[in-house]
Amino acid sequence: MQVRVDSEYCKGCQLCIIVCPRHVIEEGKELSERGYAPPIVSHPEKCANWKRNDKRKAVCETCLLTCPDHALEWDERPGGQQGVDQE
Amino acid sequence: MQVRVDSEYCKGCQLCIIVCPRHVIEEGKELSERGYAPPIVSHPEKCANWKRNDKRKAVCETCLLTCPDHALEWDERPGGQQGVDQE
Amino acid sequence: MRLEAGTYFMQGNEACVEGAIAAGLRFFAGYPITPSTEIAERLAERLPEEGGIFIQMEDEIASISAVIGSSWVGAKAMTATSGPGFSLMQENIGYAAMTETPLVIVNVMRGGPSTGLPTMPSQGDVMQAKYGSHGDYEIIALAPATVQDMFDLTIKAFNFSEIYRVPAIILSDAEVGHMRGKFTVPKKSEVLERRMRTDKVWHDGFAYDESLVPRFPVFGRGFRVHVTGISHDIAGYPRTDPEVHEELVRRLSEKIIGNRDKISLTDIYNEDSDRFIVTYGSPTLAAMEVIGNDPSIGLLQLKTLWPMPEESIRHVAKNVKEILVVEMNMGQVFKEVQRIACLEGCENVRLLSKVGGEVHTPQEIVHSLRRC
Amino acid sequence: MRLEAGTYFMQGNEACVEGAIAAGLRFFAGYPITPSTEIAERLAERLPEEGGIFIQMEDEIASISAVIGSSWVGAKAMTATSGPGFSLMQENIGYAAMTETPLVIVNVMRGGPSTGLPTMPSQGDVMQAKYGSHGDYEIIALAPATVQDMFDLTIKAFNFSEIYRVPAIILSDAEVGHMRGKFTVPKKSEVLERRMRTDKVWHDGFAYDESLVPRFPVFGRGFRVHVTGISHDIAGYPRTDPEVHEELVRRLSEKIIGNRDKISLTDIYNEDSDRFIVTYGSPTLAAMEVIGNDPSIGLLQLKTLWPMPEESIRHVAKNVKEILVVEMNMGQVFKEVQRIACLEGCENVRLLSKVGGEVHTPQEIVHSLRRC
Amino acid sequence: MEDFFDLYRKDRWPTIFCPGCGVGTVMNCFYRAFSELDIDQDRVVFVSGVGCSSRIPGYIRADSIHTTHGRALAVATGLSLSNPDLKVIVFTGDGDLGAIGGNHFIHSSRRNADMTVFCINNNIYGMTGGQASTTTPHRAFSTTTPYGNMEFPFDLAELAVTAGANYVARWTVRNVKELIGSMRKALVKNGFSFVEVASPCPTGFGRRNKMGDPKQMYEWLKIKSVRKEKSEFWNMDPVDLNISGQITIGEFVDRNRPSLGSMLKSMMNNE
Amino acid sequence: MEDFFDLYRKDRWPTIFCPGCGVGTVMNCFYRAFSELDIDQDRVVFVSGVGCSSRIPGYIRADSIHTTHGRALAVATGLSLSNPDLKVIVFTGDGDLGAIGGNHFIHSSRRNADMTVFCINNNIYGMTGGQASTTTPHRAFSTTTPYGNMEFPFDLAELAVTAGANYVARWTVRNVKELIGSMRKALVKNGFSFVEVASPCPTGFGRRNKMGDPKQMYEWLKIKSVRKEKSEFWNMDPVDLNISGQITIGEFVDRNRPSLGSMLKSMMNNE
Amino acid sequence: MTISVRFAGMGGQGIIFSGIALARGVSLYEKRGGKDLYAIQTQSYGPEARGGSSKCDVKISESENFYPFVEIPDYLVLMSQPAYERFIDVTNKDTVVVLDEDAVESRPDIEYYDIAATKKAEEIGKRIVANVVMLGAFVEISGIVSKKSIQKALCDVAPKGTESLNKKAFELGTALGKDAINAD
Amino acid sequence: MTISVRFAGMGGQGIIFSGIALARGVSLYEKRGGKDLYAIQTQSYGPEARGGSSKCDVKISESENFYPFVEIPDYLVLMSQPAYERFIDVTNKDTVVVLDEDAVESRPDIEYYDIAATKKAEEIGKRIVANVVMLGAFVEISGIVSKKSIQKALCDVAPKGTESLNKKAFELGTALGKDAINAD
């Protein structure tokens, strides 16, 4: 399971980056439609929840709880599978 | 020196009576012009200031400090002479 | 228990309390101030008996705030005050008008400005009742002249307030509030209830029909409505478009002004006279004595002050040579009567003014009438 | 340092600050509120430079209270706010009128009622400025239409306030407050000072001469005066006699109304026209554009709103077929103009109303003029 | 000052206060405290709100301003800032200060505004005829609590301490000597000083609580008051103490935080 | 509640809050605390005053009332008394609650009125563009303190304790877990419960104090906050602590005085 | 036609109480020619009402709406010397004065009746009901309203447990009133 | 005669700054026929001004008092695509549009000029001064006011230490403006 950035809501404050104790998230460069630079989940595998696949059982979650714009959410697919398009 | 009741100002609350530690003052019966019953200084000789003759040196004074209507004041003549008309 | 039908002897302020209870009052929040305090004091005793809530708040701002909160959970709610407290309530009177919150405010007027003459009557707050808060809005204001009026008009005030979802103000004064006299409680008083919302469509908590008054989406029943003092659309959401603002503000006004005739309570005596006295509140009693002695003089008693009963004033103005406005202020209703009458062709409108402390005597009115 | 003579480019709110400083402002207490906040913000910087005091209080009630306190130790004092804050100040505006405390209040009007349209203009508080507090009293209110006015009329407001010992109110609006433009600081602005009491007779702190304005017994110099919002005699002592009250209240009114002509600031353009626009504040600029294009139309700009410049209105009403009052509210000055004009024989007074958010455009005025 | 009527306006005597009202006692004690200090009577301003207690300034022969209900401290703030050379003294009541004026009270304490405040706490709105105030004891009767007061009272002194005042004390009118001492201390303190006086209102409070006679009220004040030292010894929570109807008396704080006026002055001097 | 947008109004997303504004974080934490409790969303009313923080109720899918500036607690008092079955939750800011609303704050605490209050203390008036508030640290800059704030801040939590609230806690937005825990506790508490959240306003406060970047504000909150246990250990006076710019965090009180609603109920039942 | 009555005395003498009892009695229990009567009671408020003097007016009328304030009273009931001094000049030649013999020193030059109300009240051990004695005397002297009506009203307004005391005082008053008329 | 100019873009782009510089330059430093000119700058406030789009209008006139609000601008200076979308329809056929080549994707069907402002600003290492580049281009293209006046005003309003940077950006802008006209 990994955090996903919703670039429609993200305002690029980068708080998720600094609160994550495991350095999962990194600064983004690209501007969104609304002119902000959403961060990039560059090291999903470092996340405390990487091995989990049920958001109800998530630990840590500091990034989600901190993100002021509800721009982070869980992709519940287990570690490594998030890149896989299931359709 | 003894306390004197100014019946023009006195509203007959009797607080002077109850705060005096030496029972110097007593309930009055006569009504004043304004319809109040001012108390009577019945035992001036018991007052802590009986022997003094300078209000700046008065001790105790609880009655004066308590009287809400500035109806008590010192007759500064020394003990026993207050009855004497000096004119 | 609401008072049973019958005749009672009470203080005006007490009759007001009984009127409120008869109208279904469930909540009172207030702050003591002379000469309105008896209203709070009697309610402190009466309301708990009725299962209603009485609370004394930390000030008048808190009082009207609590009344607003109470109204949104569906309670008929009221506060009572006098000039200084009424001034403090102004911000939230505007808020109540803007959010269409039904509530009743009793202002037992005393001599002003400022602390003034706390124990004596005046009618100095008439214009304030209409214009005391910022921005354009309408309220309803009624002016009792007798103990009976204190009972009757309090019920009316609740009815208007509930039906139009607007603050209704009772502009009493120290004399009417404090005098003791007889009043009659009828078998049945007409008591009107807020039109409640019944469906549960979200997103249009402030939708309205041709009445221009939105049905009330009471809190706690799943309407999930948002209420705000910011200009808002029918969803209740804050909006900054001038068009939304304009629609809202004009509707808030129109729902009252459009019903001016229904809200205007007036009594006309000696209708065919060509000299008329116009009064409201305390001085009415003196005027009644005057016309009782001289039937050639007409009397228009305004029981509604806001919206101004323009139709009645026009009606009177049409046929008369002279109008004398008798009021305990420097001429507040006077200016409105002058404007309306002038447009109707009657320029001869005069003012008999006393600024407060004492009510006009019948002699003073007679004397003033003679002067012309 | 007061601005040197010359030409400046500033926001209206900033020009107001500079006007106040030029008038001798020594004390400002305020509470932030859009769209007036820049006044406080600039003063927070400017006043300490001048050795004056700036303080942000806990609310608007505290702000005007502090201003009152400051005025009684002799300082020229001011506060600035907008609708909601102005409503909260009402009780103490009445107090200041009653105690004859000179002070200036800037109300940068925004869309109301209630929280309304916080960032957009309106002229909804005109009647409130006169009638917002309980009881009968007079204040002075001026309405700037340009950045230059913000500077000039602020000085005038201080002058009037000091001379008549009365609250003077600047009724600006979000557009005039926020627009940036040029204004000129003259070599010397007329700055008037409070007439101070010089003798030290106790017991008549409120004694007055034919000006009806008592000399000011400033605190701290041994006058030992008592100031109260209760009706009081010339000693300043509380009194409950209706006669004392009447004398006081009528004098407080007369000292202003009796000087109506001196206080009435108006500009008349195209005086011989038989169709007139009446405006004040922001819409004036649109009206100027209209009359610039069509000299057959007259314009009466009211810079003073209270006391209402009745003489100018009568003057215009005497000769015209039609008057169009253009204002950003539901018709507040309109009613007064209608009343006064009607008594002068001109019944054709119309209102072009916008309730706030946007100022009228010249086209809208032209269009409305055509309609008749 | 030799004479009581050097300070008070003899031409307005007798006062409007009811027989046995504690306001008069406070005036006495204030006279003593004030006259012992070397304060120029022409350089003092007395400020009050509205209420019986707030009528005191009207009896004082000095510049005085009887403002609107609750606003005394805010007016005093403007006043003392605009002329820091004046001594500003406020008289107020539990309703004026604690109810409608509560916000100005905590903010003036926080700012440590330059003034001395004397609050006559008679547990009631005296002036308007005996409605419950914010310090009316729990379960006590008043015209607006005919079934007994269901709310809990404030501890005004503790509020001032928490908000930041420099000097805070409370006494009852029975403690005239201590009261005078605290008044004197408060008057010379820089910043915000506050003395609360538990005081009888036989008319408004006493009558409805079986203490219509001033003497009964005095008895009550005696029974209810507990020295702060004692309550500390027993480790009693001030909130609980107050709720149980006790009146802690004593000095609550005496500190020297910089005052508002001095801070603004140092700012202007670029310190 | 499974989904964030069961609680919040998706149709009004994104919010008007600036990037990095702490208000959003508080909304997250509230969602967690609230959704873990079994509260019927149709039986809750959200109340607020005016300010950025006070905009939260407008984003919640429940009955909500955005009142006038400072008046939320007074409105909430009337509301909860008239329908005691409803849960009343207030969102407010340091300006709304501590400045203009200060009186309602202490009085609601005193009465132990039935409501839960969340105050987002960002040390500034955010909505109006960054003026000093009643909690702006001493010497800090704002548009109305261009020379640094010469006043001293309130400790809102301590005020609530002194005035009589049943539950009082304070955390920063950095303590999301503890915050959620306290929110939950506050939500189930009877009477007046209060949670203060020290929160960043990068736009209004940060920018003028060299912390325009939200990240800097987070750093600052970290440095400034001290656990209550520690400050107690060192015996630091809360007033002094606050003045020195420290933010004590933790639970300040957890007690069970009877609430206003319950007292009135017992009165009506003649208890 | 209206009749106006003014009661005046000192605070604490129960002046207001008397006025209320009279107005209530007239309003609720008195009829004239089968028709209702109306009465309004008014009083002075404010600091002066707290200590010192106290005043209470009652106006009685056959019509429902009437000017309720008393300018010149038809009857003036006085229970203290300061009240006498304050109100004795607000009369005309037709005003009838009823005064408490012991409490008022002066005597007017218009029609008046001396009533030993305080003395009588003290006799029954309750100085506090002197006002009710005066009320009884006034009712008897004026004859404008039936004793029964006023007694009923007295019962309504008297604090619980004091009804019979008040009734007794009222009756003593009417007796004194009768004596006074006859003494004339 | 009045001329109206609208600047629009995103919050943080310095839109208001440009408007102020223009209006100030006209007001204080520009003369026409020896007479003063007048300019008023207005802008949008409120939540929308906080993030998202930003708008600033300037109206220039020869007479002192004039209607200061812009309805249809004579010149429209655009620095973001959302601004383009919001304001492009509030024009008439005579409106001249000046746009930041990189920040705005669309192009209107009325007269317009492409200015590579952001690119230029980045070249001198300060993307933040793109607005000043645009201002320079606008001044050049419109020709309604002298460069000197605006440069003076820029100096007044630029934060201390950024004067020369702003001057440079402005000059680069005028050069781009000249190119754009000539490209036509």
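As written, the chains take the letters A, B, C, D, E, F, G and H, and residue 1 is the first residue of each chain.
We adopt the following convention: a residue touches a chain if its C-beta (ideal position, glycine included) is under 8 Å from a C-beta of that chain, and two chains touch if they have at least 3 such contacts.
Everything numeric in this text was worked out from a predicted model, so none of it was measured.
Novice: Can you give the shortest number of steps from chain A to chain B, where adjacent chains in the path must touch?
Specialist: Each step joins two touching chains, and the minimum needed here is 3.
Novice: Would you identify the chain whose Cα-based centre sits farthest away from the centre of chain E?
Specialist: Relative to chain E, the chain with the farthest C-alpha centre is H.
Novice: Based only on mean CA positions, could you tell me how far chain B sits from chain C in angstrom?
Specialist: About 56 Å separates the centre of chain B from that of chain C.
Novice: Where the CA atoms of chain A average out and where those of chain F average out, how many Å apart are those spots?
Specialist: 28
Novice: When the C-alpha atoms of chain B and chain H are each averaged to a single point, how far apart are the two points in Å?
Specialist: 87
Novice: Using the average of all C-alpha atoms in each chain as its centre, how far is it in Å between chain B and chain F?
Specialist: 58
Novice: Can you list every residue of chain C that touches 2 or more other chains, as numbers and ranges?
Specialist: 34, 48, 58-59, 61, 84, 91, 95, 99, 114-115, 118-120, 228-230, 240
Novice: Going through chain H residue by residue, note those that touch at least 2 other chains and give them in order.
Specialist: Residue numbers touching two or more other chains: 46-47, 51.
Novice: What are the residues of chain B that contact at least two other chains?
Specialist: 11
Novice: Would you mind writing out the residues of chain D in touch with chain E in their complex?
Specialist: Checking each residue of chain D against chain E gives 26-27, 29, 48, 51, 53, 55, 57-59, 61-63, 65-75, 77, 91-92, 95, 99, 202-203, 219-230, 237-238.
Novice: So in the complex, the part of chain B that touches chain E is made up of which residues?
Specialist: Touching chain E from chain B are residues 8-9, 11-15, 17-19, 36, 62, 64-70.
Novice: Please output the residues of chain D touching chain C within their complex, sorted ascending.
Specialist: These residues of chain D touch chain C: 61, 82-84, 86-88, 90-91, 94-95, 97-99, 109, 111-120, 122, 124-125, 127-128, 130-137, 228-231, 240-243, 245-246, 249-250, 252-253, 329-330, 332, 335-336, 338-339, 342-343, 347, 354-358.
Novice: Under the stated contact criterion, what part of chain C meets chain E in this complex?
Specialist: 31-34, 37, 40-41, 44-45, 48, 54, 56, 58-60, 84, 114-115
Novice: Quick one: which bits of chain F touch chain D in the complex? Just the residue numbers, please.
Specialist: Touching chain D: residues 50, 66, 68-70, 99-100, 102, 125, 128-129, 131-132, 134, 143-147 of chain F.
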